[in-house]
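Look at the two complexes coming up: chain A is in both, with chain B in one and chain C in the other.
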Partner chain A sequence: MDRAPETAASAPARTGALRHIVSSYRSEIAIALAIVVLELALGIFVPNALTMGNFSDIAQATAPLIIMAIGVLLVVMTGGIDLSVGSVFSLVGMVTGLVMDSGFSSTIATICGLVVGVVFGAINGFLVTFVGLAPFVVTLITYAVAGSLAFIVTNGHSLPINDQGYWLLNGGHIIPGMPNFVLFCIILLIVVEFLLRRVVFGRWIYAVGSSPGAARLLGIPVHLVRFSVYVISGLLAAFASVLTVSYISNAEGTAGAAMMLQAIAAVVIGGASLFGGTGSAIGALLGALMITVIQNGVNLIGVNSFWQGSVTGLVILIAVLIDRVSKARR
Partner chain B sequence: MAYFMSLRRLLAAATAVACVAVTAGTLAPAARATDKKMTVAYVAPSLDISYWQWVAYGVQTEAAKLGMNYVGMTSENSPGTQMNNIHTALVRGVNAIVIGPVSSSSTPPVLRLLAQRHVPIAFTGIGPQPGQTDYTSAVTANNYETGKAEGTFVCNLAKALGGNKVGMLSLPQDRENAQKYLKGAKESFAADGCDLVQVLQTHGLTVNEAVQEANDLLTGHPDIKAIYGMYDEAATGAVKALQTRGLIGKIGVATADGSPETIKELRQGEIQGLFLQEAVGQGIDATQQVYNALTGKPVTKDIPLAEPLVTKETIDSPQAQATIKRVYPPSAGAF
Partner chain C sequence: MDPTSSGQDSSEGATAFLLNARGITKSFGVTRVLRGMDFAVAAGEVHAFLGGNGAGKSTLLKIVAGILDADGGTLRYKGFDVDDAAGRMARDQSLAVVHQELAVIPHLSIAENIALPRYRHGSSLFNRAAAQRAAVDALSLIDKDFAAQSTDRLVATLSLHERQMMEIARALHSGAEILLLDEPTTNLTGQEAERLFTVLRRLVADARIGVVFVSHRMQEIRQVADVCTIIRDGQSAVHRQPVQSLSDAEIIDMMGQSIAAHDALAAAPAPSGAPSLDLRVSAEALSISGLGPEVAVGPGQILGLAGAPAGPQALIDQLIGEKRRAGIEIIHGGRPRIDRTPHEAVTRGVGFVSGDRANRGILSTLPIIDNMVASRRIAERRRLVRADEAREAAGLLAALRIKARSVWDLPSTLSGGTQQKLIIARWLNLRPQMLVLEEPTRGVDVGTKRDIYTLIRAMAEAGTTIVWWSTEQTELLELCDRILAFAPDGRATALLDRASLDEEALAAATGLAA
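Take a look at the complex of A and B:
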């Protein structure tokens, strides 16, 4: 007898929660649906596109981009931009490879790589926050410096990774049945999404991006928030890099050259505004996934790969327009 | 007050200019007096690709051997920067130029300028635009013939593995060398009875990109039996994709270029054939040609270097080892 009213009460509660989720993640749901439709359409032309093998390839290809994009997202949400992530990605790979090549363990090499990312993030954060330079200018400078250092540290040579066990960082299974690169993405997604939605610091990020002046009046430590997001962005770019080095067993000076624009594109496709104040980790993940699915689709269909940039650009345009229309309606 | 401020600034500026002029005037003749060696400038299209660094190494070592000074410049893949570099080199008083041009079509203004100044120029890697004759020498790889030879090798590889379908990981097809490779390969595939099912072009020439493309190639065409690589990273990427799928030995791989990485993969049996492109050798030969022009010795106008095939069986032969030393410098890795 007691159960009936409880069930009756929980049903509307569940409906309300679902409505809240749909309302909160409207853009993300639209992107997810678009990816599903794109993949199904691709499957009509290339049936192998819908195999587990291809999904695994897409997941592997997109994992570093997801990790980097989530870092960039946090910066973008504060109204900043991080153009240095691609070069930091390249530099970290070279440093990691170099340290291993010098006889140190892969653990030390990985830590060194991550430290390089944090240092560059801290430099960006310091110059933007405490010196007051424009984020575009600061990260353009560190983009150039890190890109240059990526060649200087090994005189431009790529470095093969000879540690036979290093691939386990990316391809091993901490949880049986789930490759580490998937696990890392899921953990990062949950942590950052929780941070943004449920932790005070996350709300500060939104507040700083929406209106730094108002945030300051409310007592939010704007400088600390801004500095932190650049450090996190550097760290995540570095982590994406070591994961890639682990995957391909190779470090290259140009490895991150194309990734900066892809990461920013992923963030924009995912619904974040370059003016700050909006965005979600799920959106960045889906944006990165969308870019990889397009690349995968273009390759599988056999379209001249010169078209990839045009297709990606068109998708970004559509995503931004849909986002603008949906916000205008609200 | 404002008048005095302006006057003070003017005096300070004039003093600074005078100091610079006096210093430059004092040092420049001294530098000229102590430095009578000829100078060769190497203008690379970019230095983010190992290949051009290795050409630079060839130019630098040969210049040292010939008693020449060396100046290195990079055009950052921009014809405008390339032209600026040529002007800068002339201002610096270089005697000869070795260039890896940004593209063949970017070369006519460079050649016009250098012909006016009577400065010898030799090409490496990429040749001048067809029809141009005002150059000293063009030391390039014979991409068309290599494309044909690699096409035959890859086709035979596919047949030996029980099929006739092959895939290709290509350089960007806006490059003349890539077009020549593809033309040669297609002719061989047609003649030898192989089916080129897909050509995927790289954008960034990275291993990571090649892994993704190789995976897509294998997903779209699981029945291919061999992969034709047009550049070094393509082969390394293909090997990685095949390793992940447990297909090493079941699908063959061959590529052009050569590096410590692909030579290691060749020795391990992961790559079956390597068509060596002599990056260092191009730098050496081009420098020798401009030196000959400067010293009145005979020059060879066009030197299309062959890209010899090496396999696991032939890699340690003296001939192959001598060729590899003309591919990359010792600092790049083991031979």
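Take a look at the complex of A and C:
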């Protein structure tokens, strides 16, 4: 049915496209610049910092965090939180290791690991969406449960991976010249960024986080959106875990202990609001990169690594304050 | 345009109605809100849906919009029963709603807000260019100037008024066959309301859509509606009657409320117990300078603020200690009055009733009693004296004829209009020197309006100086001693005295239609 008068001006000029991209990624560009400045400053004190070797170390260290942070980002954008990702990361590693240890192929083990992540995501999503419990409480529960299961499955022992070819999942080269972990991050970034910007489901995520009540009145399937993001978050935490297992050839019950807070920090540094409605995949990626660059810097300078947390905290504070000032000015 | 015929010849054939609700019942716990309500909308009519607060109007609208499920009765869209998939599909495809609590997504752009609800599948690609075109088309239906601005602006940056316009534009442009407009003119100026009515008329005449129009403004109802249904105590008191065949008095009477604004004021000491409360205040003269006209208000006088939000808002913000604006100077009792925070203003005798009841008025998680004594505790730095307070709150409820089961219930158990009385009542026993009101009668029915007018007048008579912003000019003209009029850009344009108060003067000064 078309009864609108044809008075519409033609679509806004194409010349505005670049400006639109720049303005909608303003905070991401700022973080990227901050990371570059940080690296350059580090290079003055530590010559080793600006070498391909060190960059490669940073990329390897940050890849799992990026993957996990992008999952957490989607949850945070709907106004929720996922505290369970670190524990799920640990549990998935143990399950994957255990299945392989029991003689199954690495493919089956990997799939089992991913299924565990999806199951925990689905439990989170179900309790938040259909039972109506607070996301913080629900994921605090699954955080505790997954964390303890990670020790129970092997009675607390770590598991070495004996499959000689398993490292290829992480370190192989599907595309020549680019290690798989980099490829996975790039694919994930593009897919999620496209989802958020150009696919209706992505716009629904913004809408649900921005105003759940209005989203419901507009006929947006709020329950489906909420449930889905927790499942995706669980799946990505699991994927981050199997990549790590593949890299270090070892599964440990404490592997993900520090990662939950780092992932949330990455999302916040990346410009997402914990109240929902804002954020981008690029931001989460850069946030994760920022955290890893800081850790790397602290290590290279030779400061006691106990300082890492304090420095990271300070950077989060600065990032959030800058974001606030730039928003107030707009 | 034939206002009545379409409704007449199809009134018996149930399938001819776009929307047909029969014998709808709905209870919340033990409270029966709808007891067999009938409601039907035909193609090509504007149908006024009227009813007082608590009559069940919002509940029926929510059922029609698919937000609530009915307990009993039948509900058909274009002849399809909503219990079947076909009926729900007919509803989803043919109904567009302008909700009273605006359904807008602050973090998305205007274009996205307008286009996003059209997508049914999350897997579709979102076409930004098409969304912008749709937004421009939709907005030009109602406001060409608005449509000429960028549709990439975030809705968070829009004023309440612009959000309302956007939501209406979205509904008008949705291609829906049934439009459900719940008090759509609340945040509009007179001219904009006129434009809305023109578009509605055209859509009704050309596209034969059906419009459900909810409003408390009798003038609008006369202007735009063909037929009306009146709900009273959960049933249809009047079902599909031509509006022209009923007088204002009959309509109001059937809504279960006996008095309009004019009469409310004429009616000598109100039946409500305001006089039984001791409201006496020894207030001091207030003067405001720096706005343009010099304003002086004596104790017990009512100063009206008229016009679009910009100007009144700035003055109110300063009066209540929210935000200081350069240039406005307030002299109270001969001394400059500077309150740096709302807390300071309250402790120094300023009361404030916000127009944003949900966010800045009601304390939704606290019981009625806390809502009633909240300000008093702060103003008098009191510790909790529950027994005292319970007695006081119960007294206030009785005096104001607020029907609540207990002062320990949550305010959400009360209707919107009653909640409004509650937040005004907060200030009664406090006897503030000055009471600042933002649209205290917005969205409440005539009966509650009457009670609020009585309260305001009682407080003024007891000596409190009232500063009252309203977009409803008739009530200002009736009640105010003096009206400060603001132009849409925020400038104060005129100070009208009792002697010079009339609709034309006010309309000229505010740039809004009367």
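The rule is short, and it goes like this: the second predicted complex is superposed on the first by the 315 of 330 C-alpha atoms of A that agree within 3 Å, B and C clash if a C-alpha of one lies under 4 Å from a C-alpha of the other, contacts with A are read in each partner's own complex, and residues count from 1 in each chain.
We take it that contacts are C-beta pairs under 8 Å (C-beta built on N, C-alpha and C of every residue); 3 or more make two chains touch, one makes a residue touch a chain.
Quick caveat, the model's predicted, so the values are computed rather than measured.
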Touched partner set for A:H157, first chain B, second chain C, both or neither: first
Chain B versus chain C as contact partner of A:P221, first or second or both or neither: second
Which superposed partner A:G253 touches (first chain B, second chain C, both, neither): first
Which superposed partner A:W204 touches (first chain B, second chain C, both, neither): second
Which of chain B and chain C A:I44 touches, first, second, both or neither: neither
Which superposed partner A:M52 touches (first chain B, second chain C, both, neither): neither
First, second, both or neither for A:G213, with chain B first and chain C second: second
Partner chain(s) touched by A:L300 [first = chain B, second = chain C, both, neither]: first
Chain A contact footprint on chain B (complex, rising order): 47-50, 53, 172, 174, 198, 200-201, 203-209, 211-213, 215-217, 219-220, 222, 233, 236-237, 240, 244-245, 259-261, 264, 331-333
Interface residues, chain A side, partner chain C - complex: 1-5, 7-12, 20, 197-204, 206-207, 209-211, 213-221, 224-225, 277-278
Contact set on chain A toward chain B in their complex: 46, 48-49, 51, 53-54, 57, 60-61, 151, 155-158, 160, 171, 244, 247-250, 252-255, 257-258, 295-296, 299-300, 302, 304-306, 308
Chain C to chain A touching residues, read off their complex: 65, 67, 92, 97, 99, 101-108, 112, 116-117, 119, 121-126, 128-129, 132-133, 136-138, 140-141, 147-148, 150-152, 173, 175, 177, 203, 206-207
